[in-house]
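Questions regarding the structure given below will be posed in turn.
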Amino acid sequence: MLKEPFTLKLSGHLFDNDNLLPSYVNLIHEFWKNGYKMVVVTGGGSLARRYIELGRRMNANEAMLDLLGISVSRLNAQLLAAALSDIAYITIPTNLDEVFRAWLTGKLVITGGFQPGQSTATVALLVSEFLGIKKMIDCANVDAVYTSDPRIDPNAKRLSKVSIAELKDMLKSKTVAGTYDLLDPWALGIAQRSGITIFVVGCNKPETLRRLMINGISEGTIITP
Amino acid sequence: MLKEPFTLKLSGHLFDNDNLLPSYVNLIHEFWKNGYKMVVVTGGGSLARRYIELGRRMNANEAMLDLLGISVSRLNAQLLAAALSDIAYITIPTNLDEVFRAWLTGKLVITGGFQPGQSTATVALLVSEFLGIKKMIDCANVDAVYTSDPRIDPNAKRLSKVSIAELKDMLKSKTVAGTYDLLDPWALGIAQRSGITIFVVGCNKPETLRRLMINGISEGTIITP
Amino acid sequence: MLKEPFTLKLSGHLFDNDNLLPSYVNLIHEFWKNGYKMVVVTGGGSLARRYIELGRRMNANEAMLDLLGISVSRLNAQLLAAALSDIAYITIPTNLDEVFRAWLTGKLVITGGFQPGQSTATVALLVSEFLGIKKMIDCANVDAVYTSDPRIDPNAKRLSKVSIAELKDMLKSKTVAGTYDLLDPWALGIAQRSGITIFVVGCNKPETLRRLMINGISEGTIITP
Amino acid sequence: MLKEPFTLKLSGHLFDNDNLLPSYVNLIHEFWKNGYKMVVVTGGGSLARRYIELGRRMNANEAMLDLLGISVSRLNAQLLAAALSDIAYITIPTNLDEVFRAWLTGKLVITGGFQPGQSTATVALLVSEFLGIKKMIDCANVDAVYTSDPRIDPNAKRLSKVSIAELKDMLKSKTVAGTYDLLDPWALGIAQRSGITIFVVGCNKPETLRRLMINGISEGTIITP
Amino acid sequence: MLKEPFTLKLSGHLFDNDNLLPSYVNLIHEFWKNGYKMVVVTGGGSLARRYIELGRRMNANEAMLDLLGISVSRLNAQLLAAALSDIAYITIPTNLDEVFRAWLTGKLVITGGFQPGQSTATVALLVSEFLGIKKMIDCANVDAVYTSDPRIDPNAKRLSKVSIAELKDMLKSKTVAGTYDLLDPWALGIAQRSGITIFVVGCNKPETLRRLMINGISEGTIITP
Amino acid sequence: MLKEPFTLKLSGHLFDNDNLLPSYVNLIHEFWKNGYKMVVVTGGGSLARRYIELGRRMNANEAMLDLLGISVSRLNAQLLAAALSDIAYITIPTNLDEVFRAWLTGKLVITGGFQPGQSTATVALLVSEFLGIKKMIDCANVDAVYTSDPRIDPNAKRLSKVSIAELKDMLKSKTVAGTYDLLDPWALGIAQRSGITIFVVGCNKPETLRRLMINGISEGTIITP
C-alpha cells in the first residue's frame, strides 16, 4: 500500500532504547531494499530533554535551548545514517534545500530538526509538502492520538480516525522548548493545506509499523486532511 | 525610549507605494545614524500576491507558492539594502545563522522570509529571540490590532493594548500561502515564551513610526508577552 | 534537430504577460517529457526595470541596481520552477558551480542572473560553454537581430543569418544597469571562442519556438560562431 | 600570565557531570570579561562513547563512528555556547575556515571535532597554529601526563615537564574511534613544528585551571615544543 | 593622496619573480600599517599560462582553461595572504559576496579570479564598484597604456592620460583564455558607469607604486571615467 | 581484478612532467570507460615546494605553508578535471562531505589536499574509509616502499610486501610542511583500522599502473592492513 513515497517521523524516544533501535534499523533497511521510498525525520527524546534542562539551569534563552534539541535530533539522525550507511545519505540535511538535493541522489534521506520554534513533526510535514509526498507516518511515544494528553488526563479518549479540523480544536499550541505536543497547529496547517494524511502509530513495537507499511493496517490514528 | 535594539517588520505593502518607501528609507537612515540598533524584516505585499496567483494558475503546490512569496520579500529586502548601502549588510540573510553573522558585523541587517509555512512576522520574532532582542515593531497594513479582521468585519474593535494570551484566543490560524494573518499563533508563541513586546503600527504615515521610536508613543496596539 | 542539449534564454518580458507565460511553461514541459535536454535562463523584464528605477531614485549605486535586476530574474526563475516542479530543480542556482551540480541530477535546471555587470544572455552562454552545450536559443523581446535597435532606428535591417564577427562590429557595448543590449560583446566573445550557435527568436508566439525546436526552422536570426 | 590568546581543550567528561560544568562556564565567563582571549574546543566524553558503541553494534564503519563522536563534541560545544550566549559565537564552526571567520568577530569561539581520524586535541592545536596562538591548555580527564596510561599501568610515572620529542617516544598512536589517547602523534607534530606549549591539567577541579590562568602555576604537566 | 580606499591589481608576473615579490609584500604591509585601505587582486602570470597550455594540449575546453587560470590567480592570492597573515583575510574570497563579508572584518582582503570569461582587472573593478571604491591601481606587466600593444606594435604610443571613451575605441576585445588584454571592454564599462579612475603603472619597480601611493604621482597612465 | 572501487593517489611529481601527465590522463580515461570506479587524489609536487619555499622566505607560518601546498594540489586536481571534463566532476571537493556528494553523482571525483597538517595520502585513505573503499593505489615518486628513504639512505631495502604494523615501526612521523613522507602514521592508522590495502607503485611508467589495474600484478609494494 505504501509503495508511494512517505515521510517517517521517528520519536526521539527510540534512541533512548538500545534494543529497540536496531530492530527499526533493520525494518527500514528491509523496506528500502524492497523498493519503499521514504524520508526519515528523527526526534530528540530524553537526551534532548537532558541537554535542554542543563542549558536552562545555566540560563540559556529559548532559542538556544531549541538549538540544543535540534543538535540532539541531528545526532540521532547521524546514528541512523551510520547504521544504514550502505543506503543512506551520510551528511544530515539541515534545511529544505539540502533535503531536496539529498533526495535527488536517490539515497535514503535522514534528517533531524531545522530551526528554533519548530517541532520535528513540522519538519516531516514541510519535507512532505516540498517533495510532493502525501503520507506521513508519525512513529510516536504514544500509541495513538487521544482527545487530550493521555499521560496527564486519565479520561483522554483514543481516536482511530480524526480530521485535521477536528483535531485542531482539541489540541492547544505550546511552544516552550522540549515540550511540543504530538502535533502542533503549524504542522497540522501544513498537512491540511497540502492534503497530507498523517498516520500516528506507537514506537514501542516495530511490528505495528510493519503492518502499516505492508498491509496499510492502522493500529493507531489516521488523521485526514 | 527605543535605544535598546529592536526588530522592525515592514509590511510588503510599503513596496507597492513608490512615494511612501523613500520616506521610510530616510527614517531608517536617520535613526541608524543616531545610534538606534535594529534588524529590518520586509514582507512581500501585492507583488508576492501576483506571483503566488500566477503560480497557482499554473498548478504550483503550496510549498512552491510560499517560495515565491519568500523570493519577493527578499527582493524587497534587496531594494532596501540598495537604498541604504552605506549602512546596510548587502547580502540578504536567508536563515538565523546568516542573520547572526550579519548582525556581528555591526551593519544594518535587512532580511525577508526564511522558509515555507512561515510568515515574515514570525521571522521577525525568531530573529528577536535569537539575538536576545525584546521589542518588535510591526509596521503593518492596518493601523492597529482589532478583535477580528477590520477589512472583513465592520464590527471589529480596535485594541490599544492586549496580552498575547488574550490575542491568541481571538485570532485563528490560517496557513494558505499569501494570506497569513497579521500575526499567527507561532509568531505569538515565540513572543510569549521569550517575553517580547510587539508594537503594531500602521505603515501609511512614517510619522507614526517616528513618534513610537522617539517618544515611545504607541498609536496602534501594544501586545504584551 | 535539437535533441542535443541547448540553453534557452527567456526574455524577462514573458513574465509581464500572464497569458503568454503558461503556454511557454506547457511547451517546455512537453519538450522535456519528449526527451529534449535544456537549461533555462530567465531575464528580469519590466519588473526588473521598476525595481532598478526605484533604487536609482533612492541613490543606489550601479552594483546595487544590478543586484536588483538579478533578484528579479531569480524570482522569475523561481516562478518557472514552481510551475514545473515535477521536472525542475527547485533551488535556483546562482553561479556556474551550482548549475553544474544541478545539471548532474538530470533535472531541468532554471537559473537567472549571476553577478553585477553581466547580462542573462552572457549567463546563458557561460552555462553553455561550461556544460559543453553548442546551441543557445535566445527567446527575445524582438523577433530577430537587426542592424541596429529596431525600436529606435526605423531603418534597422532584419538579419536572418549573421556571423559573430560581423555582429560585433554592429553592436556597441552598453553596461548601464538594466539596459544591456540584446547581446553584449562579452556574450558574443564566449560564443565565438567556444563555437556556440545562437538562435534569436521572438517571445511573442510560442509557435516560433516550437517550430525551431521541432523542425529546426529559424524564423528569427541564426548567429554563427 | 595568559593574557596572550590561548586555546582551551575541555575534556568531554566535563559534560557528563551536571555540577562541574556550570563552574567551568562561570570561570570562562569571568575570564573572558576580564580580557582573556581564547578559543574553546570541547570533547565528546562518555556520551560519544555511548553513541559510538551503539553504532558499532549496528555495524557502522570507523568513519561513521568518528562522525558520531564529532556530532557529540559539537553538541557539547553548542551547550557551552548556549550557556555563554552573551559572549559566544553561537554557530559552531566545523573547520578551520569557519573558526577563522568566527575569531575575527571578536566573539568567544567554541568548537568541537572537525573530521574523522582526528582527535579534538589535534583540533585545538590546528586552531592554535592557524590563528598564531602559542599556548594550549588541555583540561583533561587525567591530572597530568604520565609515562604511560595511568588507568592501565599502575607503574606510570607523573611528569611535571616534558618535551614533545621525549613524549613522542613514550606514547603510541591509536586511531580506533573513541579511544584516542591524551595526545596523538599528529597533535604533537603540530605543536612541535609551530612552537606551541601544551599545559595538561585535570578537569575535576576548576581551581586548577584558575590558578594556571591567573598565576601561571601548572599543577599538571607542561609539554614544551 | 590615496588615503581613501583603493583596489590594487597585481600582475601575475610579479609571482614569477622570487625577488620582486617580497618587496611588494613589504610595501603593502607598510602602507596597511600606515592606514591605507585597499583590496588586492592577483593575476595568474606565466604559471597560469603553463597550466592553460597543458590543459589545451589535453583538449580541455575554454571554460576549463579559464578555471585553471582562476586557480593559479587564487594560489597567488594565497601566497600573498600567507606572507601577510598578520593583516590579511586568510580565506581567499571567490565572489563579490565573499569579498564583501571579508571587507567588513577590517582585514586586508586579497582575491584572485572569479569566473570564466572574466579578467582579474574586471574583478578589481567589480569589487571597486561593489564596495563603493573610486580608485583602482593596475600594477601591470607594462609600464603604461599604449595606443596598441607595445610588445607587438613598435609604433605604439605611450599615453599619460586617456579617457575611457577614447580607450575603448583603441582596444579590441579578446576572450581567448590567458590572453586577455590589459583592460577589456567589460572592465572599462564598469569603471565608466561607476566613475572609477584607473591608474596603470608598471610592476617592475616597487618605487613606482610607492610614489603613486604617497605623492599621487602617476608615472604610467591615468584613465579617467 | 580492480573492478571494485579504489582510490588512486597521484604523486604531485606527475604534474612537473608535461609528457608523462597526458599518458596518465589517457589511462584513467580508458579505465573509467571500461567501468573501473575510482576517486583520484593529486599531490602537490615541486610546484608546491616552490610556493612553500617562497612563503617561508616571507615568514609565513606552518599552517599558511600547508595551505599553499593544498592550493597547488587542488590546482593539479583542476588540471586533471579539465583534461577529463567529459567524465569528471569539475568542481574540486575540499572535504569529505563534498567528496561524498560528488561521488553520488557517478562522475569521476578528483580531489587534492583537505587541511593543514595532513598529507594527500591521508586524504586518499580518509576518502577510502568514508566511501567504504578497500583498496588504495599510491602512484608515488618512488617505485616501492623501502626500509628507509632510498633518496637518503643507500642501504635502504626494497619491500614487496609489508604489513602496516611492521611499516609503522620503520617510518618516523615528520610534519614539516612539504616534507611529509611517503605515508605518515595517521594515514597508516586509517588503513589499519578500516582494513584498506595500499599498493605503492612508481609514477614514472604508466605501464606499471596499467598492469596493476588489469592483472593485479604489483611491481611495487603491497601494504596489508
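Labels for the chains are A, B, C, D, E and F, by order of writing; each one numbers its residues from 1.
Heads up, the rule we're going with is that a residue touches a chain if its C-beta (ideal position, glycine included) is under 8 Å from a C-beta of that chain, and two chains touch if they have at least 3 such contacts.
The structure presented is a predicted model; accordingly, all values stated were derived computationally and were not measured.
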{"item": "Separation of chain F from chain D in steps, with touching chains one step apart", "value": "1"}
{"item": "Labels of chains that are neighbours to chain B and to chain F", "value": "A, C, D, E"}
{"item": "Angle of the C-alpha superposing rotation, chain B to chain E, to the nearest 5 degrees", "value": "120"}
{"item": "Distance-maximising chain from chain D - centres being C-alpha averages", "value": "C"}
{"item": "Chain whose Cα centroid lies at the greatest distance from that of chain F", "value": "B"}
{"item": "Mean-CA-position distance for chain F and chain E (Å)", "value": "35"}
{"item": "Centre distance in Å when chain C and chain E are each reduced to the mean of their C-alpha atoms", "value": "31"}
{"item": "Chain centre separation in whole Å, for chain E relative to chain D (CA means)", "value": "43"}
{"item": "Per-residue overlap in chain C, given as positions that touch at least 2 other chains", "value": "61, 85, 90, 101, 105, 130, 132"}
{"item": "Interchain contacts (touch definition) - all pairs", "value": "A-B, A-C, A-D, A-F, B-C, B-D, B-E, C-E, C-F, D-E, D-F, E-F"}
{"item": "In the complex, chain B residues that touch chain A", "value": "61-63, 95-96, 114-117, 122, 126, 129-130, 132, 168, 173-177, 185-186, 189-190, 192-194"}
{"item": "Residues of chain F defined as touching chain A within the complex", "value": "97, 100-101, 104-105, 130, 132"}
{"item": "Of chain D, residues touching chain B in the complex", "value": "85-86, 89-91, 101, 105, 107"}
{"item": "Chain E contact footprint on chain F (complex, rising order)", "value": "18, 21-22, 25, 47, 51, 54-55, 57-61, 64-65, 67-68, 71-72, 74-75, 78-79, 81-83, 85, 90"}
